[in-house]
Amino acid sequence: MIEQLTHFDDKGQAIMVDVTDKTETKRTAIAKGTIRLGRPAMTAILEGTAAKGDVLGVARVAGIMGVKRTSDLIPMCHPLMLGKCSVDFDIREEDCEIDAICTASLKGLTGVEMEALTGVSVALLTIYDMCKAIDKRMEITNIHLCKKTGGKSGTFVGDAAYEEEQPTND
Amino acid sequence: MIEQLTHFDDKGQAIMVDVTDKTETKRTAIAKGTIRLGRPAMTAILEGTAAKGDVLGVARVAGIMGVKRTSDLIPMCHPLMLGKCSVDFDIREEDCEIDAICTASLKGLTGVEMEALTGVSVALLTIYDMCKAIDKRMEITNIHLCKKTGGKSGTFVGDAAYEEEQPTND
Amino acid sequence: MIEQLTHFDDKGQAIMVDVTDKTETKRTAIAKGTIRLGRPAMTAILEGTAAKGDVLGVARVAGIMGVKRTSDLIPMCHPLMLGKCSVDFDIREEDCEIDAICTASLKGLTGVEMEALTGVSVALLTIYDMCKAIDKRMEITNIHLCKKTGGKSGTFVGDAAYEEEQPTND
Amino acid sequence: MIEQLTHFDDKGQAIMVDVTDKTETKRTAIAKGTIRLGRPAMTAILEGTAAKGDVLGVARVAGIMGVKRTSDLIPMCHPLMLGKCSVDFDIREEDCEIDAICTASLKGLTGVEMEALTGVSVALLTIYDMCKAIDKRMEITNIHLCKKTGGKSGTFVGDAAYEEEQPTND
Amino acid sequence: MIEQLTHFDDKGQAIMVDVTDKTETKRTAIAKGTIRLGRPAMTAILEGTAAKGDVLGVARVAGIMGVKRTSDLIPMCHPLMLGKCSVDFDIREEDCEIDAICTASLKGLTGVEMEALTGVSVALLTIYDMCKAIDKRMEITNIHLCKKTGGKSGTFVGDAAYEEEQPTND
Amino acid sequence: MIEQLTHFDDKGQAIMVDVTDKTETKRTAIAKGTIRLGRPAMTAILEGTAAKGDVLGVARVAGIMGVKRTSDLIPMCHPLMLGKCSVDFDIREEDCEIDAICTASLKGLTGVEMEALTGVSVALLTIYDMCKAIDKRMEITNIHLCKKTGGKSGTFVGDAAYEEEQPTND
């Protein structure tokens, strides 16, 4: 049996699904993604973060503002009243990789997975933009949902590291 | 010697770099990225595309509209007058992977790499959104620049497949 | 006696009216409008819908996204958390006319008539845009409210066809 | 023979068509549409315009701002640098009808028909919004292109009244 | 002891603070600011307001629409469902000064100070824009919070004139 | 004689003025404004800037992004292709005042004064937002145009300090 794509009605037409009868609960989602950089870009970011030219500071602001644009960007996403949002970075210097982790929460009728994933995407694209003059071979990779709590479907853990963990910044 | 991040001035403050003295030329960028799905989501998309519930049609529209929001999302990106844009998908059914390829062009003062990369990201996030009810373990991966032509820095090819290739839909 | 325009205060200044003391109820609105096309454009759409080049699929996505921009476009409209939205088309081939029908719902303090009407307008403008290379004499016409339920003023039926009918896609 | 929808490539996929090789010329478009009101709403607008509560003043601002959002709303529309815009109203009191006329111009690579049509639509929706508390049976109708000049396809006149006429406010 | 900036976590990273556990109450904020004009600009505005060319009418619409864009503009602001908004002007002809006063209310989890202040700023910038052809020495000044009610921190009065006063237009 | 408000036509109706026949030149504008803070907020910002919690870094990003939203916010402003943008801060610790200075440039048909003024306003509102938990008596003041070059009206200097000065970051 083929599972149903809920964003289409029985005529196969795209719809924004009905959430008006869902229950208002606290919902949280954490998503993560990675950008792979060359050594010179990695060094430039680290120098900048330490001293001046704060690439990750700009990317954090962009990520948080991007979260608020999710329903403008993703056609079938519901507009929602985000209650909390943060973007963290994990720099793995030796691997020349930076992880962006976005946590989004609200008390509402619908989940915030897409918000967290959009925040990660915009934060990583911003790092790319600021480094592209010195590196054209960067790669944005492994964007996925780490954890999701609240709502009818309950808790989902997609990343072993989040089994026990609380959302950051709570 | 450490290379310079051009999006910061000599005090280390983020700036939108000056392009007012650059030459207006035709510039094109092609970017690509991939979403990895489970088998049920892949089957649902293929069924939908064949018959009804056109996930990729919605994702294409979202990607093209996302390209036009690039300078709203990425803090140091210049607003620009996009001259052309397309989003293609390459379905690799056996691998349960779909590639999104975005081509952007303009005649202008500044390049369109970030536009192409943003188009890919928004298209893939839209596929994610429409399949998330049946698959929470999808992964968006390998977003990168395939090719770039025009501008002072000339042609860049980041993907062997684009060595000889013309931009699609030209 | 002249009826009051509620969007103006007693000095005649435009205001966004106060809804903070209204009751949260489920509210739905259905609006409809029509585009009149020449025969060649109608044929091109029908061919496209059947085989490829899905004008109505693009217009549906545009309409749903347009609904979410209502309070950005209409000065005195309240921002609101749309709970559901769909856009349907009714093709009357012999008359060379296509109806767009938009249904919007939410659980909230204020109605969604303007959202449904905006969705219809944007969907029809998108059809116009995609056909304008082959037809410059199209006409968008008869945009009106079909039905409205919920809220203090109760049910309104503006279109006989909606007397008994339920909102589509519910 | 079936005419081609230019917003689709040869695989039937929606694209933003390439304008990068078009010639920059001065282009103007004039569009018009009508709202039909009941007598009480018409009277309230006339009273307001004469004394206070300027419905048409608000609708004019909304229409001009709406013109600038065209490429955000219509998926395949190019962003463009509007050079001029105005919205006029023609009140036909006896018929209880108000026409909105929007003129848009630019020096650029692509036409401004969709901008003029969007301006008309948003202006009329704004009138609707401000009168809907006293009239739920209004109708927005007859939105069409009156005239278009500039560009490869030259001058088009869709409305006899514009045969000889110059764009307003020039 | 240094007071805490609540928009940063304990690692000093910017966050959108968590409001999901706050209580939904009615909250109102009133903000005010002033534009200082030269005599010719002041006269032009007064002539316009009396007869035609309604600068303040346009600025009012811009201010109200600007209020709705607050969370798009201010990075750490929560999106919220504004319940009411008005912009008033106080013309002090002899001083060549115009005050803009913005009142915003909602029933929600978070306050509307930034909304009221943004409304004032956008209204004053709009007056500036419309007068800048005849006056390049205007100054926007004294933008501040007059009063705030609701929420955990209770009532704040920043302006003696608002000690006893009710929010306008309530 | 009363000077003309150029944003109104001869019927007194607001218009976006025609720039299609203007000459494309390089144009620059510098604007400045000030926020007055209490001592605790000033100390918190200085601590944050030195160590962590970079209020001014967030405000700079907000200001630059705000510049790009100018034509969305100010009704009669033309959309334009900003070529360069920077936001600087000048901290006057003893006075508990921070100046924001925004420089905007483009090669185009119309000036960027409103862009520079909007950038200053959004940067200062962002500082306000981030400090409002510890200070409700802040004041945004003295927003004005410092200098403007390019265009038919030539150079304007509104601030003695900019007589000899070059635009920053050029």
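Labels for the chains are A, B, C, D, E and F, by order of writing; each one numbers its residues from 1.
Quick note on the criterion: a contact is a pair of C-beta atoms (placed from the backbone, for glycine too) under 8 Å apart; a residue touches a chain by one contact, two chains touch by 3 or more.
In this text the structure is predicted, and so the values were computed from the model without any measurement.
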Interface of copies chain C and chain D: same or different residues on the two sides (over or under half shared)? same
Outermost chain relative to chain B, judged by CA means, is E
Matching B-C in over half of the residue-numbered contact pairs, the equivalent interface among B-D, E-F or D-E is D-E
Ranking A-B and A-E by C-beta pairs in contact puts on top A-B
Note: chain F sits from chain D at a C-alpha centroid distance in Å of 32
Here the gap between chain A and chain D, centre to centre from mean Cα coordinates and rounded to Å, is 38
Among all residues of chain A, those touching at least two other chains are 13-14, 54, 57-58, 61-62, 65, 69, 72, 75-76, 79-81
Full set of chain pairs in contact is A-B, A-C, A-E, A-F, B-C, B-D, B-F, C-D, C-E, D-E, D-F, E-F
As the complex stands, chain C meets chain A at residues 26, 57, 60-61, 64-65, 68-69, 79-88, 105-107, 169-170
Chain F partner, complex, touching residues on chain E are 2-8, 11-14, 33, 40-41, 43-45, 47-48, 51-55, 58, 61-62, 65-66, 69, 72-77, 113-114, 117-118, 121-122, 125-126, 128-134, 136-145, 148, 156, 158
The answer for chain C against chain B in the complex is residues 54, 57-58, 61-62, 65
Within their complex, chain E touches chain A through residues 9, 13-20, 71-72, 75-76, 78-81, 108-109
